[in-house]
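Taking it in order: structure first as structure tokens, then the write-up.
To keep things simple, chains are lettered A, B, C and D as they appear, and every chain counts its residues starting from 1.
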Amino acid sequence: MIDKRVADLAAAVAGIEDGATVLVGGFGDAGVPNDLVQALVEQGAKELTLVGNGAISEVVGHGRLIAEGRVRKFIASFPKGRGSKLFEPGDASESVELEIVPQGTLAERIRAAGAGIPGFYTATAFGTPLAEGKPTMEFDGNQFVLERAIQADVALIKAKTADRWGNLAYTGTARNFNPIMAMAAKRTIAQVSEIIDPDPLDPEYIVTPGIFVERVVAVADDLREEGRQ
Amino acid sequence: MSDTKPAAEKIGLSRLQIAWRAAQDIADGSYVNLGIGMPMTIPRFLPEGREIMLHSENGLLGMGPPPAKGDEDWDLINAGTRPTTVLPGGSFFHHADSFAIVRGGHLDISVLGAFQISEKGDLANWSLGPSAARVPTVGGAMDLAAGAKQVYVLTDHCSRDGSPKIVKQCDLPLTGLACVNRIYTDLAIIDVIGEGLVVREIIEELSFADIEAQTGAALRLSDDCKALTAPEFEDA
Amino acid sequence: MIDKRVADLAAAVAGIEDGATVLVGGFGDAGVPNDLVQALVEQGAKELTLVGNGAISEVVGHGRLIAEGRVRKFIASFPKGRGSKLFEPGDASESVELEIVPQGTLAERIRAAGAGIPGFYTATAFGTPLAEGKPTMEFDGNQFVLERAIQADVALIKAKTADRWGNLAYTGTARNFNPIMAMAAKRTIAQVSEIIDPDPLDPEYIVTPGIFVERVVAVADDLREEGRQ
Amino acid sequence: MSDTKPAAEKIGLSRLQIAWRAAQDIADGSYVNLGIGMPMTIPRFLPEGREIMLHSENGLLGMGPPPAKGDEDWDLINAGTRPTTVLPGGSFFHHADSFAIVRGGHLDISVLGAFQISEKGDLANWSLGPSAARVPTVGGAMDLAAGAKQVYVLTDHCSRDGSPKIVKQCDLPLTGLACVNRIYTDLAIIDVIGEGLVVREIIEELSFADIEAQTGAALRLSDDCKALTAPEFEDA
């Protein structure tokens, strides 16, 4: 029987190893698996390569892992969001290696990993500092940059509803990076507001098929930064 | 001496007026992405009777106005991470699909801010250089610059120190090469076409020579150059 | 006002030019826009480059265009499906140039066109006759083939439900190539079973956002091969 | 003379028995794609109590049994274009997402047919060569060969003319290089591992030498080689 449900957050993040590449979903306050991140902080994994759009806070989400000193490298498009106190001189985050990636390229590099595409060409960033050192190729008279897939060990994602097969549905703009991160990691762990059972999700309305998901954990009252419930 | 400086500071469109003017050029039925800052004020100035679908790169097409206080849904936010709403006909999608819309050339217009624009339409709007800040942030700017059918830039004509923002060649880190199609400033509207920069509209207080004096690149005057005007607005 | 609806099939296919590259959706009997194809036959466009999974029949769909002699080149993974009488010696289709593409590569090449990716690398077909003459590149010790986007002038697709904004929802495996073809063409024309109005489709359940669609036409009683309604 | 030939034709597993034997090796919870032909008969032989999600590359995960006559929905078909059903927990997706599942390495097992398999695990199963048919058809075979975590092949050990299908090097057009992990035939089960072909099971009627005689490539005998057996089935 297929049953991706795990009992609690500790079980959800068990086995994530030091040095892992970890995708963390979300954009702004929407779709960030804050509870899984908190569980990962408690689990103790360190020297992580963290991949996500950016840290909007040092209290929850991506920024929490950075503030706790668990991140060796951060691959992001907007690493320091409005209101974040990270990356200030003297801060613990100062030693974090940063790789800045255009947001669309970041999304496509993640999706590529999930789709078995090791590299692809894009016009984005051609001729800019963010394409420096990257191979280029001309197609039909225009220049493009070769971008590589971002393979990951673990994805921590958030969705609204799951079933025991690990199928996921989202809400609003909380979808963002979560469905593509689910595809890109060897092990995808989803926190959801609700797990329906025994009936499955409607097959027409599933955004992430359960094949991409290893564990789901229900967190009804999810952790949010104050005033952003 | 003392009466010229205040006058020079007063002339030209306000930031809201620049946004208003750009809004007039967005045709009914357009799909448009509005960057952070001045571009985001465009929706309140869209002429009535036009249905324009706003794209928010975090996974939303058909973005509506901000919600009323108390109605915020923090799972429905805009690219500036603030709560928003969805209009009838809107849709949600994930980030790769959202940037397929941008990078696949499906947006009619991307409206961006600028630090510098070159005479070839190169844009610099994401970084003031390695020394300016410890943490660079690019977001979707490079995708929006490279991908949209038309890129409009909204900007003050000159920096606060008076130096031109429209230049022969950008010295700030580039966002994209030859990507800007039209520049709306407080003083003029300038198109980037194959051969260079063409001035389409100038505020009534200034001459073409005045615009040239405040621009760091060669300009051509359009045969049918018009007066750049906008209604007065109270700043919110 | 945005209103992608057109009155009839003739209006839907108006303006498609001789020599156009035309994507036609569907797999098997599911999701094939047979009525749009029939309208295109009547419209008269010829010398077409046709792109689709394959022709399962010479009576409807892709095969109809081929049987009518309108196709110069056919890019497909399974050009002659079970039961098709095309491509027999002496047949009018004999002169059609064929480009055989692995099904997943075909799908990805179409999606790439819609996503602004001129080329990407894939392991599929490496070392086989279908990769002959194509550039290759090594990533992490493995060999991959460079595949090019398939840019198209027109996509003829089929969906179940539309609204006036051109948003589309599908049913079952009739989804197949239709959503990615919608992204890949300069002009996408959709036949649907029903156009709802004035209420729009639920934004959570839309598969193809209307930005990808130029025209929608309602065909309640769609053309199917006998016995496959 | 006359009593050896009929005996030689009778020994070995039937096509249904080969499918049955392969089905026993598919673990509970596996995600599996079944190719056209012999692989498609596997579902009826899956041991009870195992929940296995079948992937159909035309956009379906959780494929069920064929519908009852009269219940066909021609918008819900399998990769062989015949009506099918969807089981609880199933989902629909478009072709690029469906092949992302295949090519991204998410399927546990892809089960394919074969014309030839080389000792390195090269597979030829899509074309009998340029002269054989005017119209080549590849479908998803190359994606399934390249993408799945494990590729199982179900095949008769020899062609109808008696020539081996397991060979040193394929002379038919390849489907994929070094992609096959395990071969189920009417006579044996053979694993492709780094060093070559290892025989895991042989039918009781034959010896390792017999298998070698019907194989065109070097074989090694597994230390714990077992008897290959299967229950009897009536052909449908």
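In this text, a residue touches a chain if its C-beta (ideal position, glycine included) is under 8 Å from a C-beta of that chain, and two chains touch if they have at least 3 such contacts.
Owing to the predicted nature of the structure, the values given are computational and were not obtained by experimental measurement.
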Checklist entry - Which chains does chain A share as contact partners with chain B? => result C
Checklist entry - Is the C-beta contact count larger for C-D or for A-D? => result C-D
Checklist entry - How many angstrom between the C-alpha centroids of chain C and chain A? => result 33
Item to check | Rounded Å distance, chain B centre to chain D centre (Cα mean) | outcome: 58
Item to check | Distance between chain centroids, defined by C-alpha means - chain A, chain D (Å) | outcome: 36
Checklist entry - In chain A, which residues are in touch with two or more of the other chains? => result 108, 111, 115-117, 122-124, 170-172, 204
Item to check | Residue list for chain B, restricted to those that touch at least two other chains | outcome: 86, 92-93, 96, 99, 102-103, 146-147
Checklist entry - What are the touching chain pairs in this one? => result A-B, A-C, A-D, B-C, C-D
Checklist entry - Touching chain A in the complex: which residues of chain D? => result 28-29, 31, 49, 51, 53, 55, 61-62, 86, 88-93, 96, 99-107, 146-147
Next on the checklist: Under the definition above, what is the set of chain A residues touching chain B in their complex?
Outcome noted: 27-31, 53-54, 56, 77-82, 87-89, 94, 98, 100-105, 107-108, 110-111, 122-130, 170-180, 207, 224, 228-229
Checklist entry - Okay, in this complex, where on chain D does chain C touch? => result 56-60, 73-78, 81, 86, 92-96, 98-99, 102-103, 122, 127, 134-143, 146-147, 173-177
Checklist outcome for this item: The answer for chain C against chain A in the complex is residues 108, 112, 115-123, 137, 139-140, 142, 144, 148, 169-172, 204-205
Checklist outcome for this item: chain A contacts chain D in the complex at 1-2, 111, 113-117, 163-165, 167, 183, 199-201, 203-204, 206, 209-212
